[in-house]
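Once you scroll down, you'll see the structures, which are given as structure tokens.
You will see two complexes here that share subunit A, one where it goes with subunit B and one where it goes with subunit C.
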Partner chain A sequence: MKRVCTRQFRNLTRLRSFGEVREKISRSINHVCLSRRSLHGSACRLGELELTSVRYPHVQRGKYATLTEKDVDFFQKLLPQRVLQDPSELDGYNIDWMRTVRGNSQMVLRPKTTSEVAEILKYCNERHLAVVPQGGNTGLVGGSVPVFDEIVISTQLMNQIISLDEVSGIIVCQSGCVLETLDNYLAERELMMPLDLGAKGSCHIGGNVSTNAGGLRLLRYGSLHGSVLGVEAVLASGEIVDCLSSLRKDNTGYDLKQLFIGSEGTLGMVTSVSILCPRRPKAVNVAFLGVENFEAALQTFQLCKGMLAEILSACEFMDQESMQCIQENLKLTNPIKSYPLYILIETSGSHGSHDEEKLNVFLEAAMGKGIVQDGTIAMDVTQRQNIWGLRERIAEGLLHDGYNYKYDISLPLPKLYEIVEDMRQRLGSKVTRVVSYGHLGDGNLHFNVTTPEYDKEVLGLIEPYIYEWTSQVRGSVSAEHGLGFKKRDCIRYSKEPNAVKMMVKMKKLFDPNGILNPYKTIPL
Partner chain B sequence: MTKGHQGHLNGVKMALRILVGCKRVIDYAVKVRVKPDKMGVVTEGVKHSMNPFDEIAVEEAVRMKEKKLASEIIAVSCGPQQCQETLRTALAMGLDRGIHVEISGKDYETLQPFHVSKILAKIAEEEKVDIIFLGKQAIDDDCNQTGQMTAALLDWPQATFASKIEKNNGDLMVTREIDGGLETINVKLPCVITSDLRLNEPRYATLPNIMKAKKKPIAKKSPADLGVDVSPRQEVLSVEDPPVREAGSIVQDVDELVSKLKAAGVV
Partner chain C sequence: MKRVCTRQFRNLTRLRSFGEVREKISRSINHVCLSRRSLHGSACRLGELELTSVRYPHVQRGKYATLTEKDVDFFQKLLPQRVLQDPSELDGYNIDWMRTVRGNSQMVLRPKTTSEVAEILKYCNERHLAVVPQGGNTGLVGGSVPVFDEIVISTQLMNQIISLDEVSGIIVCQSGCVLETLDNYLAERELMMPLDLGAKGSCHIGGNVSTNAGGLRLLRYGSLHGSVLGVEAVLASGEIVDCLSSLRKDNTGYDLKQLFIGSEGTLGMVTSVSILCPRRPKAVNVAFLGVENFEAALQTFQLCKGMLAEILSACEFMDQESMQCIQENLKLTNPIKSYPLYILIETSGSHGSHDEEKLNVFLEAAMGKGIVQDGTIAMDVTQRQNIWGLRERIAEGLLHDGYNYKYDISLPLPKLYEIVEDMRQRLGSKVTRVVSYGHLGDGNLHFNVTTPEYDKEVLGLIEPYIYEWTSQVRGSVSAEHGLGFKKRDCIRYSKEPNAVKMMVKMKKLFDPNGILNPYKTIPL
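For the complex of A and B:
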């Protein structure tokens, strides 16, 4: 309590007038101003973001220790100059990208090596100090930031590429490498990362692996469960589990790395990964199409699977409301006229003219049958990047509306859009926007609602209705975003009780004191 | 001294004939690499597309046709076989037909604005055009010469770095981007105009137009057909990367800054 007051006061002294200071003090102590947080230079509200512990009062802090001077001394000796405690610097680590959850961590540690991570975790385990492993902090379910005062262990300085075998395409690197940096490095050697997502400029590969990130090219290159060949992780006890093989095939014993992939940092902290990288395509084509309804979207997808087949590398969709959002908030231009739904198709291959031929034949067929109303093909790399920007920047555009209720569901393809129409009717004019977009090829819908500020009533209208709807058609309530903090109680909608029981047993085995990323992913 | 074909000038309607130059260059977003023999840059297997300023010229020509100021808009490109792709892009954006002046191999490597301007001037005379629209410069050589040379050869007025074009009775009123700001001039036809960045935002070619473009004609010519000699007038001695930028260093105060500057011999 005392520490909160001190930090509170330091923030307050930055305010302009004494009158303002007095006014702030008289409000509830737990409301802390966001002093320097500006989102993409927009004029959006630099309001006050509640602490998670305030917004979700039913979540109780576990029986963990609190930081003492002795602890701080230990960490400062272990990581000289790499311990952050200044409140003004901690905001970025305490608040998630979506600005929907806010932790109260008092310390961020920035190790450089696996052995440093091992020392940290060994100490924290003995002291019963809770920790949150954090990469680029771009997660969308509040899984990457503290809930209470957990210590943040950031992989920011663990960004070394250890080795690359250009013949086999296997790269070994530390978990703090930024995805885009890795991709650029590989590009020079005619290789590429097997995954791509909108957050590529900030996300760390360790975070991608820990959340089994999907992304835009899962359709072509598969999930990380397939492309990650090895993982080196540190357990809660400080033991290093080195499964960092660089072999394409290795059937010796239980495949432990699969446990770390997707467990969101609750079974161990990933410190290094080895990934199989595909060859970079010589010829990439992007087409942006307009269709009248979801039926036509499905038909387009069917047609392109058949006619484009092995060169198809992405098939995304977005609705007119998504287009309006980015036009209004980000001032992007629609390359074609307005249509109810848009589809982005990307082909990647080794032979330009062969791919163009196939793409043209497909487009002629789609237009001829009246499935596609209009569209465009990118004529140069800049147009290609702009068209991809339309799909990749929707999430960014939505943030400008204020508060974003974000859902990521997997449904049987024919039902994918039914849920959107249903929710749109249900929410009516109570909300700013209801948009949907996603990976048509993977049956994955990103459903989003925005309001100017967090509104409990709106949340109540969406949840648990959307989860029950999804559960009834045997879909997944989190296709790729994971459960994190925001969906930690939703696992029962998509997993049987016996399965959940096994998960709880495993968590207790790997992390008996429960220090790794507590309050998240599975209900204990 | 040549005068182009005068469009019908009474009142509003003008039936101008426009020739648009479309150069095939290495794509703007691609990282350019110097060849190991240091005699040029790597072009093999590298993505090429239309020079961005030429795209703007194409867009302006299409808009003039939509406004019924132009009656026929023709694309021209000089270079190897692949220039046909560049022409198809121009046709997909709305141009009526294309002319491919085939030049390849050594001749293409040493092709300069001097040669291109002669080619364009000859074609302009043959096709009796009223306006030659070019990009202000190409992003590979940054010469910024072709428009000016073409106008000189034809003894036509030139309006370079155009950021706005309006009709003004039988003439054109062109706003140019100059060092001091903007300059607006009245240009008589026929003329040469080169486009600058702010003239317009080029459209995306839509599918129906992309398909129509396949049927539009592209005529093939050679420099000899046009009576132009493309023998080289320059010899490339070497091509090198710019020097690697060295890391900066942070100084504690002004005294340290001064001493570092002195040590480097700059003060």
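For the complex of A and C:
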């Protein structure tokens, strides 16, 4: 047994020394967020996209007022030079980055302060004008773009860091701060943001909080419901709710900030947040492993959860079809041989040699037991980024196929890959590919199907089948992407009628005129 | 420099070998919960306690119905043998464990199932009968006992573990499970509860969730808003809201379970919970250190946060007056010399020798820098328990003085001890002692004053002064104990008027008749 381990561990060591060879992995790995970032400039050039009101004819415009010249005057006086109306500028705000929905807003407002947001909402509420709060517009369910002619309130200019307490690690900032900008700011102070996701270069922290973004390190640092310490939000009435506490513990009354975390801007617009940031790890290791089947992937997870314990910071997986997609569409290179499934394991800790020892002992055990077949460990920052790029750029790679049917579900771990195999059989050759990847540690599957163009028949084969499947095993039909516009009617697959009833009541209570992000989250 | 460190480190090593000497620390350390546990049996023997309605004459009974024979019949039929009415049995449910408030309930109901709770609430709501949900009755703000004649709904018999997924570490159980019982059950499966507190031997998990209990390891495992994955609750109307998800990620609609976490049973009664449990650490170390002043305590925290990082699981402090209290009242022994402040540091990790190395390097640095003056490290489980006992039994020790004025506040770290010194000067010889201890890592101070008997003048000197002080530095007047009955009117020291207004609206929405735990949380 020991000999086998030693031999296989040597194999890993050999792979380590192949670091240079792996340089052939495209050096030009850029984050998927780069392509998102360019949306505002490029969307209008990419041919015409059907209006949401045309593609979804069953959705009727609410009885909201329409914009008058008097309204325009009011906003121009309130926000001089910060009201956009030029059609060429509006496309980037009307269309989601995946180009699947398209609103028809005639106006984008760009406030800089909470009191400006309050003025806007007070006015809109009195006038019955519908609005949609928008951050980096990187959402995947059409939650941050208008459905009809809602006024867009962009947080682009609300990008100030208000304070940072370096001892406690608590940052307070406006909602329009870009996640990556915050993380870079914290990096200089040996701290980090407790969340990380593919769109980090464009997404706004206010959007992250409003959608309860999960991401790559939820496994280690938990959900935003735990790490967000305070929220300042503006209600539909224009009232400012200041729950911008920067205390780790505060049990005085109901924890109102939780209402704004994940409610997709339908109960209030988040204007500032206070977040608990962990210390930046001194040592980070990334391993990329190949396994023969999903059973082995689960065993790998279980083993590393026990052996890497407190230093485990990510356990991601992707299947061979994901790999093929980024190889074909983005010309990325697989650093190891082909396997049905790949696992990315990251450790983050305070002591380099301790962490390396733990990782090596784990890999030795995993290969010794025959669970992991092959693997490579990143030797430096570039290699780490390259390995992460394989996982993070799949979403970008999928777009090259044409139309992307995107699902983001939570399932009990033993069921996580069963649905993929089932679906692959069901769809057969009608589609370009069926691709799955996700957060193994969180039981969160990103399931994707692509076709050259939007195809109603294919959609009919996927939905509601996938939702029913998920519902039957008490999974979630939206693990981290939220419901937004596209999934709001699926809520009943994951939530009981009494729960939905409570949500409807809350929406009515806090936004009686329904002006805040209508047609989203709450089902028809 | 190195020599100094080595010398002082030797000093620590020497202290280690004194392990046997420290055996003189009372072997009989029992958890404070033991004394709480005996409350139900003993409260009635401890002389008469003033009724809350007498001590707080400004609080008026709401316009609720009073119990009739017909009501009693209904409940006896619904819960045969599980309706308590004998006055000798009721005291333990009417009086809080600190003996500071006393209700006058005539009836305790002990349901076993969620549907029984639903039947009870539906009936009470229709009849306008007020109720108070009660778990282990270990709260500190009078939140779990009746104020007048509310019917007590006890979770004592709702103590079933429903399921445990050992791979993901997710436990689902009824709300009446005792925290320690759950932790013991998990210990056998290499898992642990993500929270721990002095009352663990008696408190119910439903009460923990309803009060958003913090405790000793919040620093490491975060708040219940993050680790509770699902809640099943019954609304005042009797409707069951099933949000008992056991998924790490679920973004389908508003996160309703958050409403029940920390709302002290005023929005619904928690009947079952689903909780994410971390793996039980393989190695635990506890150090007890003496420092000269609060500045040094803060430096110690900052240093250990950086050097112990991912293995730091608790950083507690207590002052010399706390030590004197447990020495005098409980005959416990200080294992080190006398210092103005003591710090308890705990590490939990997966690798004993790595953890010890980190701890030793940290202690060497802390003593080398002259921050820490003296210290001892527990050598085995008993010693660990003894050291923890020093910190955990202060609350019990205080009770021996007579009356205990108890405050639980969050403050910005640099201000945490200033208030204690200020208050000590203010109260002078009018009180038996001014004692403070708490969770250094969370900025959470437990501030206590004792007098032989309840003294209105002393109370007037403490309140509202302490709340105003806290409010001025944007602290929280209740870090983890909640508001309950005793603190509900203090909410405005920590929450803005708009926030309080939102809470009042939510209470009205979910409990229009106000039958659920009246006179609590929401201010007059």
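As a convention for this text, the second predicted complex is superposed on the first by the 476 of 524 C-alpha atoms of A that agree within 3 Å, B and C clash if a C-alpha of one lies under 4 Å from a C-alpha of the other, contacts with A are read in each partner's own complex, and residues count from 1 in each chain.
The definition used in the following text is that a contact is a pair of C-beta atoms (placed from the backbone, for glycine too) under 8 Å apart; a residue touches a chain by one contact, two chains touch by 3 or more.
Worth saying up front: this structure is predicted, and the values here are computed from it rather than measured.
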* Quick one: classify A:L247 as touching subunit B (first), subunit C (second), both or neither. => second
* Looking at the overlay, does A:L509 come into contact with subunit B only (first), subunit C only (second), both, or neither? -> second
* Once the structures are superposed on A, label A:T333 by its partner contacts, choosing first (subunit B), second (subunit C), both or neither. => first
* Once the structures are superposed on A, label A:G262 by its partner contacts, choosing first (subunit B), second (subunit C), both or neither. => second
* To do: Once the structures are superposed on A, label A:G443 by its partner contacts, choosing first (subunit B), second (subunit C), both or neither.
  => second
* Would you check which partner chain A:L459 touches, where first means subunit B only, second means subunit C only, and both and neither mean what they say? => neither
* Asked: Between subunit B (first) and subunit C (second), which does A:E496 come into contact with in this model arrangement: first, second, both, or neither?
  -> second
* To do: Please determine whether it is subunit B or subunit C that touches the greater number of subunit A residues.
  => C
* Same subunit A residues contacting subunit B and subunit C, which ones? -> 282
* Structure fact -> In their shared complex, subunit B is touched by residues of subunit A numbered 282, 288-289, 333, 335-336, 360, 363-364, 367, 372, 374-383, 385
* Where on subunit B does subunit A make contact in their complex? -> 27-30, 45, 47, 49-50, 52, 89, 92, 201, 203-208, 210-211
* To do: Would you pull the subunit C residues touching subunit A in the complex into a rising list?
  => 165, 167-168, 190, 211-212, 214, 218, 222-223, 225-227, 235, 239-243, 245-256, 258-259, 261-263, 267, 279, 281-282, 298, 301-302, 305-311, 348-351, 354, 357-358, 410, 412-413, 439, 442-444, 474-483, 487, 490-491, 493-496, 498-503, 505-506, 509-510, 521-522
